[in-house]
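Shown below is the structure under consideration.
In order of appearance the chains are A, B and C, and numbering begins at 1 in each one.
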């Protein structure tokens, strides 16, 4: 998913750049205490671990291989803020040193590969930690679901960015269907590998896992995962979560959205709109046309609603008591 | 007059409850080279970390010269005691050897030409001037070891503490290391289970086992006592007279 | 993916480009790519000029064309995507070699291809003329937060070490006949990853101890003051300034 330079238009690059810089700045402030006291070498070396882990190709099925993105895994192992900072460093160095992902594409690459997987993945993880039993088996299952959802969220984010910043007239629905479809599959690999990795660490050094810091020794000993019905419910919740995201693209008149996007965004380049593919044309004209405004509002509202749904679920679902934990 | 290092009744337990040191007492004379011998898990590394103030005694005292190791004088303690870690890759963390050697003195507040001078001296002392701009990852085992030593020498310590100094070295690298250590005019504590190394470098040894000093005396005498060695899971690869030890 | 070893990225030469201060080179590369990125895709001539200017710089830096080409293969997956665009894009249809494709899509594909290649070639040139630790140092000089720069420096230092460890684990698995074909067989890979995390974490703790032992107080000492003089900046900025002029002309005439 390391997009190269020029993949999305300049305006999108600038806006996502600002979003990523803002989030990483906030993450740095949150992680300041941790990083100041002892963990700069630790964060650097675990960043090297994530980088190396991304080189690990694993088979999915029928000759297809995937590799770890590691955003959710890093957030679960190190906490969301340090996790986001660590993945940010990985993505920046990949672009700078390895020419892997464009330098001007860093805004959206950071958003898709660092910010969204780390925070989105961690939110999903916390949600499932509440749903699932407080045992190491529960942590492993929650990690798997979080890893899977994080990759799908990341592909959704990419599709949304395409909606605003496409450089070719490929319809949003087409990109969305293809990206999300493929990543629903690839995400299973991310989920399985993340879960098993956390499982291995739980067995040897459970104290190193930020996302399992609440477990006591007895609960760590308890490797029983959730029972089938619980896992089924968890799966349904994961699907609902993803569906709630997908539904955001249908809440406004989808044809209308599509049409507006066509008119203002990616269909605009060419002879009839000479300036529209240039510098910030799409954004400079924003606010003039009503439909453009509605498109922007729809996008922002969609994102906010996704976040609200996520946190709502998180707050609404009561954590099962320790005794009733299955 | 006070010893460069004196440890009295040192106790320490890790947060997980494991008792690592239970009443360690010994001292090292000025300019002496002392070996601390013991099997795996005897508490050797724990002891090394105490000498530099990285771990704090639960009970007992450590004095470095006239100074007791406390929270207030850690900066001075760490200047006086140079700790060389077992794995040079833990010690050499900066992008180049020169920057790594400069790290310690820079923390002491040195800068500019003075800092450069320290780096040059330290590298020259271990014959590693040619490694200056090298990347630590690409050094050989022996070169890494010498660079690690330079990083602590740059702080101008009076006492050097080595944790398994010869581990991972080939025979030639080991020979070079021994020659370097003999040439350094500072008090040295070698923490190791490498008995031939101790015999060659250190006139006196203490044996540490289960968190206690169980023997303290001339190295040749301790290593000649097969029964003592066997009791502490220590073994000379060859008998002192050169025959393979009978078992 | 970003597999590869740091020493395979650098071309050991002594050109003027190599000697430039890293922060000046970094800023120059970034601004040049930005100029490329905002250039209208219809200005085909502009992309030709960019390529020419960049080729001159890379030649001056004695970066071998073969080296550049091999490194450029890294962007292939996205090139493949770009080639797909004309077929899936909407809009007016044009006929190319007897196949009907989207004309808009062709432009889109060209746009991504041209900008991605120029961007990657610039980055490759940057890494080929600047050693990795210097690049990281340059980030610091450009006021990237010190914590991020330090984390990046530690990451670079230990990356090869950990990657080699990983390679050895894979070898040990293969030596015992491990050859996974589907996701159900990946447990050993994940076990290795878990073990690697624990080892990395523990190394992080030991490195921290080694730093404390040499008087570390939570702040990395600044060992070298920033070294970019006005001459470095002047020389480095000729590249992006040329780029900006080309981009400006392209924006006006297109």
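Keep this in mind: contacts are C-beta pairs under 8 Å (C-beta built on N, C-alpha and C of every residue); 3 or more make two chains touch, one makes a residue touch a chain.
Everything numeric in this text was worked out from a predicted model, so none of it was measured.
Asker: Tell me which chain's centre, taken as the mean of its C-alpha atoms, is farthest from subunit A.
Answerer: B
Asker: My parser should flag the chain pair with the most contacts; which pair should that be?
Answerer: Ranked by C-beta contact count, first place goes to A-C.
Asker: Find the geometric centre of each of subunit B and subunit C from their Cα atoms only, then give the gap between the two centres in Å, rounded to an integer.
Answerer: Computed value for the inter-centroid distance: 42 Å.
Asker: Need the CA-centroid distance for the pair subunit A / subunit B, whole Å please.
Answerer: 47
Asker: Mind checking the centre-to-centre distance between subunit A and subunit C? Centres are C-alpha means, answer in whole Å.
Answerer: 22
Asker: What are the residue numbers in subunit B that touch two or more other chains?
Answerer: Where subunit B meets two or more other chains at a single residue, that happens at 93.
Asker: Where in subunit A do residues touch at least two different other chains?
Answerer: Each of 41 in subunit A touches at least two other chains.
Asker: Quick check on subunit C: which residues sit in contact with 2+ other chains?
Answerer: Residues 132, 153-154, 156-158, 161, 203, 207, 211 of subunit C touch two or more partner chains.
Asker: What part of subunit A is in contact with subunit C in the complex they form?
Answerer: So the residues of subunit A in touch with subunit C come to 2-7, 10, 13, 24-25, 28, 32, 35-49, 51-56, 58-62, 67-68, 77, 85-86, 88-90, 92-100, 102-105, 166-171, 174, 188-189, 192-193, 195-201, 203-205, 208, 266-267, 269-270, 274, 277-279.
Asker: Quick one: which bits of subunit C touch subunit B in the complex? Just the residue numbers, please.
Answerer: 7, 132-133, 136-137, 153-154, 156-158, 160-161, 203, 206-207, 209-217, 221-223
Asker: Quick check: in the complex, which residue numbers of subunit B touch subunit C?
Answerer: Going through subunit B, the ones touching subunit C are 49, 52, 54, 75, 78-79, 82-83, 85, 87, 89-91, 93-96, 99, 102-104, 106-108, 115, 135-138, 151-152, 155.
Asker: Where on subunit C is subunit A touching in the complex?
Answerer: Subunit C residues touching subunit A: 1-4, 6, 9, 26, 29-30, 33-34, 36-38, 40-41, 71, 74-75, 78, 85, 88-91, 102, 104-105, 107-109, 111-112, 114-116, 118-120, 122-124, 126-127, 132, 135, 139, 145, 147-148, 150-159, 161-163, 165-166, 180-183, 185-187, 189-198, 200-205, 207-208, 211, 218, 220, 251, 254.
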